[in-house]
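Letters A, B, C and D mark the chains in the order given here, with residues in each chain numbered from 1 onward.
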């Protein structure tokens, strides 16, 4: 079989898509999570229910939305509800299987920062803020996070916990009365991290092809643990790549269309 | 009853310096034309309230109109940063900007409380997040039945709400559809409200259970076709994603931003002229 | 995902003796056919939940199916009393009926809390009313921001919700319109749900922002044309106000009621046969 | 001018309708309040906004609905909202000028009972209950009550306060944190009662034509006060009667239509 070329971002998106199951109800962040969730829908999970916080439920966009509220999401949804209803009846109600998030910073307990770099009141970089993530992170049954692997992104301790992951070594989410399980996996362009069941620390649990453990450790801001018998991520197959590339091609064409 | 009036007149009469102002629109139906008119009329000391402040708040902040922002996600949707917002927070330019920061769930609840005439709302939220430590308008309370601890957010009651919608009828009743965000809540929570619309029609032709704002809860209705550009109006025109991408470069430097605003906003009389000046550019 | 099934099967599999059951419908879209089927299947010890219990709850109470009712207005709308309900309360016939009594605002809030997975809801309500003294699921709490005293109601989380709607598609997505009451909240608050519909279609053709219940929040969808009679289904048939007036005489005496139920409900196999037996009478 | 014949019920409905003003926002109970409110709309208050608790806002039924949720209310409304939204955004919000209620029992402080006659737990008559009234009575700016005048209906003290009026001689509504002013007038088939500004007790404030004060006192379950210089209610004029009778005629025709 001929070797198939693909990019690290493609591997990341495909690896993430594979973690979703058919008929799951998935609350989807914009950007990388949206790409992975729609790839899952267009491949092995045709009946996955995709929900975007803008109010669109059961949406089936044929191109990836640029924003969380693009018209295509409303046009192809089973229904569109108001934003308050979305957070009350659909997220908080506990109906979401998977909350699928991006992040600016993640720490070794899977806590997410999208608020500030530096001090909250004197930030060196002001990030966009929370959006829906704090409640997606606590109300969904499980959380997936997709993020490119750099030392700036993977830090020992986030500067600000915008959306809680697994807290720290001493406090359990349940003690805070949080219903969901929290991060099940962090999918990056280098591999997949999962929380160690005992320590809750994220450890390298799958390595993407042609990536070395050392490379992942260098891109991680804490001494990264590695699971025993580290598996290698299955490389993208031809079908996954074709569907993803078609989707990306359609999307970039559509987003470049000028508006009168 | 809503008065059918020009946007210039509505902004002049209904928005005062120092007001708290909720210009809502969740990516869709963003009241861009109204934002420009506020800049043109040099309104100042505003508290800007919005779940998803984007380009129009970046413009108001960069032009020095705002003293505070209340928000839950402040970025250029699908593109990245709002540089004028960041410059105000990180460097105090052109003036310091106070912030009150929420999650979407928290802020949506705060609007619902406002629209419902309640002083606060309860949600299963903010647990584990650092936001309650930096926002005194988030607290935790105990359920009187189960003892469970839940988040409480103080109501948002803006002085003025400004939204854009697809249609109004001649009595001033307004219909919007598609992604409707928190527009209804913002209008109902506010003391005064301005609604810009794509068109004014004889009959709304609203489907059953549509999102309708009756005339008697609105202060002014203004016909501003295209008034949500570069955002979109479902059924009328699409989102100009290229403009959002272009904003990255326009807004990155103070000088570039001010020059663009001078030319296209301050230097034009209304939104139609703004649109023509963009096409020429 | 909702299963498309017969009403007989849905009631048999999803409603158990002792369940709490919310059959909603605010005058419009009352699930009458489902009520009859519950009588036919002799379900018992039910807690009947509904803001506006009317004829179908009068029938369930009179047939001895209920041990408790949770409600906010129990009458024959536009006509007067529910005699079977009154007989149960005033005389314990055919068995004593426990009640939990709300105002509409309180009960609507209790459903909203249930649908939102909150243990309680807050409202500006019940002040000066005697209801909080007789209903322990109403309390008063203090606003953590203003200190103001507000009412709190415990959430309603039924075992089963039963509603009637106009349409479902073949995947089991449901559309309703017109006066939509608290049906969405009842379904979302419940552990299981049955939706009877006027028809099953290929495409819902739902207008934007319509009231749609996605298939994956429903347990069973059953086609029962005319299933809301003598209530109405907007766009399908009108309310039979004469039947409501006739119910006054039918239900006034125990014997008259039981004879009518034996002949038209117990003595018929389904709702279509019930309708035919009424026409013959 | 020839004398116009009319019934006591017609006088009551017309007297009630006259108390409504054009452009007011009126939250309307079913039955007598609905008849009076629609009469006002069809005569001197064409722009009155009528709201029914079933969710219909700005409705203009051409026949009187039998139930609070008849289809005609939805068909002729500016918009139809869910019942929770109705109570949150429209009633509780403080947008209602006039809450227009019926009642089974009213006491001398305008408190309303629609719950039980007798003891709550051992009632001699179980009434339908509260419906929307407890919050209509507290959230509306002013309350009008329309009710036929009988000793059973007008009692010294209601058996159960379902919906609060002006409480009693000692407690003010404001002390309970109630925003609205409470009952402004009770319109009956004999006259109009209004609260005395000092004692808050309902006193006879207008007497319908051809009714005597003694007749009203006999129909009232407490020693009824009478205002000084008691005015007589203006009798129905020809226009009011014609519109009301047309409305009642259309309504009874419509409600008798058989449904297949």
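Quick notes on this one:
Going forward, a residue touches a chain if its C-beta (ideal position, glycine included) is under 8 Å from a C-beta of that chain, and two chains touch if they have at least 3 such contacts.
These numbers come from a predicted model, not from an experiment.
Shared contact partners of subunit A and subunit B, listed by label: C. Considering every other chain in turn, the ones in contact with both subunit B and subunit D prove to be C.
The chain pair with more C-beta contacts between its two chains, of A-C and C-D, is C-D. If each chain is reduced to the centroid of its CA atoms, subunit A and subunit D end up 57 Å from each other. Spacing of subunit B relative to subunit C, judged by their CA centroids, is 40 angstrom. As a whole-number value, the distance joining the C-alpha centres of subunit C and subunit D reads 28 Å. The set of subunit C residues touching two or more other chains comprises 112, 117-118, 123-124, 148, 178, 180, 184-185, 208-211, 234. Contact with two or more other chains is made by residues 74, 80, 82, 88, 92, 139 of subunit A. In the complex of the two chains, the subunit B residues touching subunit D come out as 1, 112, 115-118, 173, 184-185, 188, 206, 208-210, 212, 214, 216-217.
Contact residues on subunit D toward subunit C in their complex (touch as defined above): 30-31, 53-56, 65-71, 73-74, 80, 82-84, 86-88, 91-92, 111, 115, 120-121, 123-126, 128-135, 137-139, 160-164, 167, 173, 176-179, 255-260. Interface residues of subunit C, counted against subunit B in their complex, comprise 117-124, 137, 139, 141, 143-146, 148, 150, 152, 154, 177-178, 180, 207-211, 234. Within the complex formed with subunit D, the subunit C residues making contact are 26-28, 51-52, 71-75, 77-79, 81-82, 85-86, 89-90, 101-106, 108-109, 111-112, 123-131, 134, 148-149, 178-182, 184-185, 211, 229-230, 232, 234, 237-244.
Interface residues of subunit A facing subunit C in the complex, by the touch rule stated above, are 23, 25, 47, 49, 57-58, 74, 78-82, 88-89, 92-95, 139.
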